Amino acid sequence: MSQHKTLIRGAKVLGDRAQDVLIDGATIAEVGQGLDAAGATVVEADGQILLPGLVDLHTHLREPGREDSETVLTGTRAAAVGGFTAVHAMANTFPVADTAGVVEQVWRLGAEAGYCDVQPVGAVTVGLEGKQLAELGAMHESAAGVTVFSDDGKCVHDAVIMRRALEYVKAFDGVVAQHAQEPRLTEGAQMNEGVVSAELGLGGWPAVAEESIIARDVLLAAHVGSRVHICHLSTAGSVEIVRWAKSKGWNVTAEVTPHHLLLTDDLVRSYDPVYKVNPPLRTEADVAALREALADGTIDCVATDHAPHPHEDKDCEWGAAAMGMVGLETALSVVQNTMVDSGLITWNQVAERMSFRPAEIGRLAGQGRPIAAGEPANLTLLDSAYRGQVDPVHFASRSRNTPYRGRDLPGRVTHTFLRGRATVMDGNLT
Amino acid sequence: MDSSSEGAAGVPVDGSAAVPTPPARPVLEAPDIARVLTRIAHEIVERAKGADDVVLLGVPTRGVHLAQRLAAKLQEITGHPVPVGSLDITMYRDDLRMRPARALARTEIPGDGIEGRLVVLVDDVLFSGRTIRAALDALGDIGRPRAVQLAVLVDRGHRELPIRADYVGKNLPTSLRETVRVRLTEEDGRDGVLLGQRATAPTAEQ
Amino acid sequence: MKRHLISAADLSRDDAVLILDTAEEMGRVADRPIKKLPTLRGRTVVNLFFEDSTRTRISFEAAAKRLSADVINFSAKGSSVSKGESLKDTALTLEAMGADAVVIRHHDSGAPHRLATSGWIGGSVVNAGDGTHEHPTQALLDAFTLRRRLGDGPGTDLAGRRVTIVGDILHSRVARSNVHLLSTLGAEVTLVAPPTLVPVRTEQWPCEVSYDLDAQLAKSDAVMMLRVQRERMNAAYFPTEREYARRYGLNGQRMARMPEHSVVMHPGPMNRGMEITAEVADSPRCTAVEQVTNGVSIRMAVLYLLLSGAEPAVTDTSENPAAAPAAAPGPATRTEENA
């Protein structure tokens, strides 16, 4: 027998009772009690939580073009540390991933790195400019097999272009992931528009700029019978619109980032650009609505919007700083903190929201599968009892722009398996 | 002068060190103060040949009250009013950076100015001489007096600059461990000069 | 006082009154033959201006020079370096040159706060206007002017005084600083503007908001007119200049309805014909010129209070061995000891 075997002993599968899971090669061979360890590397889980490998619908890997902030290699290593086995690489690279050539390059870099499946996202429009549709079909037919399209970072704000894109991707069951931001309402916007922005004199980013686009797009999706995915939903009003659209039976899905589940715009009072992000941090009321919506399924999944930036792009005044935060390596901890430890959802539901649903939305074969015999061995083992402070010095990501520096967060991924191979072992990359 | 050149005069600027432990001993009582001021007024008239061009400038806070008392006495003696004002020296101090920034006191130069006049600076205690050095600098920026003289209620010695008083109410030899406090009715509700002991010896912190 | 002056909100009532009282004394220096004090001799004040503002710069420059500080003017406008790098790199340069205070004007809200808290420099930071955030020394000079004009002397605040601030509140750092400072000093502040130029959620601010100028005139001790940029019209904040002037401009008729003792203030530069007519601007009730004069006094007071305090690193013990080595700054109160 040439295939490598691993036995995970005593893991709480999806947070339920402790079981043994035997991995044989790339596949789960058996799940049960007291499995035979003969010939297998044994991982003593000792009550840790076993989850399906996490799937991120929203990651910025920055390659090609901004390798100073992240590469496919460093980004996927960060993903593995965070318990992810698949990430969707956003299209706003240089050049933009708007052709089959670029998406294949990213896909190939991911396969070569081997830490995590990299599923490129294709741009909706050429150069993210919102004017002319990119070759969506060609990207779908390429080796990368793109099914998710997004101009993320920019909004597909032209209603006609959005309508056409929604219609066009129906031919191959694609989905348009919208970055909902009405551009005119957010000219010069620097942070959430509200009490804090008025006081700090920073350009306001009104909730309505997000909500008006989401309202338009769910109506458009319903009208043309397509599916639409809403990226990083951030306001209570957006939740209401998505809830309403779902009640109509329309094919709408939505994601929320970990930081929008935890942080509020009050942090901007420090003028520390580490809190500068798009969409901006909102209010306590928004955070509460987002948590509730993630718990009741209105929001389908958690996506990191991992957005690495080099130090100098954050070590400056607020107005000059880049928007975005890294998130892959802290996502599961933030979800445990905000959703599980607070009793809003179970680990089973974490698996649903961080693996099954995102894989389903992205039509990602072989990811987001149940933990059962015969399934691909994409697994994440989490020590949920761990408590520690976030120290970005230890990040695998090339960038350090985390808003959680020095913050106490629970949980730590001890092992990540990508098709049977450990990418993370005892908390360390292999 | 108030706490003024205390730091520069070689004693800890730590405020707590200024609290004397044993009770302070009075060295001048109210009648003594009145008497020495009268004497100084007479000396001024005598030395200034009638005090026609005298301008009295008190150094805040207590020097100003003393200057006003002197002015009243000079008027009694000469029969004409003597211009009196105040000269804040805070901005001219040489120890500004050794202590927290302080509020400024009022500088009030009498209407006719000091140009060509005999300015008599008035202060309560003469110690290191740094306050008077600062006062001379401040005066130079305001005008050019014919001459400048100095009147103090108490001279306690320990000069750090070549400065002496022209009129002294009382010479009081002291050690650096001792404190001299002037109390004036206008400021403190009663008149008196007290000699006390420092809680901490000046060199104890070395 | 704190080591920096970033926001008027950082000032307590007593801090503010101390600054105003100190400025009163500073103002008297201007009447002397020698308009200079030796107080900040040997200290370096850098005017770091990322935005053109000759008026504010020369005011700070005059203030620093009257206190005998060395002044370096650093105009970073038009620098080809990326904005972010330029603030940090410039700060490091100033630190290397030994700047004791940096007076900063910047187009980004929060830049002075960043400069003060980033660890890039060790000196004091004075906000000379940041983006649409704050301009604390302007508010201080406004309060100073108001206190003088309304006849309240040193030691007093502005309790019970009614101040109406009119114009582009949304984009005004002067308005923000004034709301904080004037309310700290006990004044009742009312903001008047078209709704498009009122920031969101001002109901949480320590002031009233009105859209009707005429309703406020009769009860105002002071009406402060803010400059309204004509370009705002293009962003649809108001339809035309004429309509703005008609609804929110201060003209002779409106001024006549103000109480006799009340004053008209303007931070300058004025847009005559827009927010203020020439008749009002040139009337003796308008304090615009006085505000400029008072600006120097206020900035002297701020520099003096920020810079003249204890600095252990410069304590000179050589003259007298008994002086406490690098003495920890004592309490701010004067000791009663006579020395």
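Letters A, B and C mark the chains as written, and numbering starts fresh at 1 in each.
Please note the rule applied: a residue touches a chain if its C-beta (ideal position, glycine included) is under 8 Å from a C-beta of that chain, and two chains touch if they have at least 3 such contacts.
Chain identities (UniProt): A = Dihydroorotase; C = Aspartate carbamoyltransferase.
Computed from a predicted model, the values in this text were never measured in an experiment.
Undergrad: Name, by label, each chain that touches both members of the pair chain A (Dihydroorotase) and chain B.
TA: Common contact partners of chain A (Dihydroorotase) and chain B, which must touch each of the two, are C.
Undergrad: Among the chains, which has its CA centre at the largest distance from chain C's?
TA: Most remote chain from chain C, centroid-wise, comes out as A.
Undergrad: Please give the pair of chains with the highest number of C-beta contact pairs.
TA: Chains joined by the most C-beta contact pairs: B-C.
Undergrad: Report the most central chain, judged by the distance from each chain's C-alpha mean to the global C-alpha mean.
TA: C
Undergrad: Using Cα averages as centroids, what's the distance between chain A (Dihydroorotase) and chain B in whole Å?
TA: For chain A (Dihydroorotase) versus chain B, the centre distance works out to 75 Å.
Undergrad: Could you grab the centroid distance between chain A (Dihydroorotase) and chain C? Build each centroid from C-alpha atoms only and quote it in angstrom.
TA: About 46 Å, centre to centre.
Undergrad: Would you mind pulling out the distance in Å between where the CA atoms of chain B average out and where those of chain C do?
TA: 37
Undergrad: Among the residues of chain C, which are close enough to touch at least two other chains?
TA: none
Undergrad: Which residues of chain A (Dihydroorotase) touch chain C in their complex?
TA: Against chain C, the touching part of chain A (Dihydroorotase) is residues 190, 193-195, 197-204, 206, 270-271, 312-313, 315-321.
Undergrad: Can you name the residues of chain B that touch chain C in the complex?
TA: Its residues touching chain C are 1-16, 18, 62, 88, 91-92, 96-107, 124-125, 127-128, 137, 140-143, 154, 160, 176, 179-182, 202-203, 205-206.
Undergrad: Using the touch rule from the top, collect the residues of chain C that touch chain B in their complex.
TA: On the chain C side, the touching residues are 1, 18, 21-22, 25-26, 28, 32-34, 36-39, 67, 304-311, 314-316, 319-325, 327-339.
Undergrad: Where on chain C does chain A (Dihydroorotase) make contact in their complex?
TA: Of all residues in chain C, those touching chain A (Dihydroorotase) are 82-85, 87-88, 106-111, 113-115, 117-118, 130-134, 173, 176, 199-202, 204-205.
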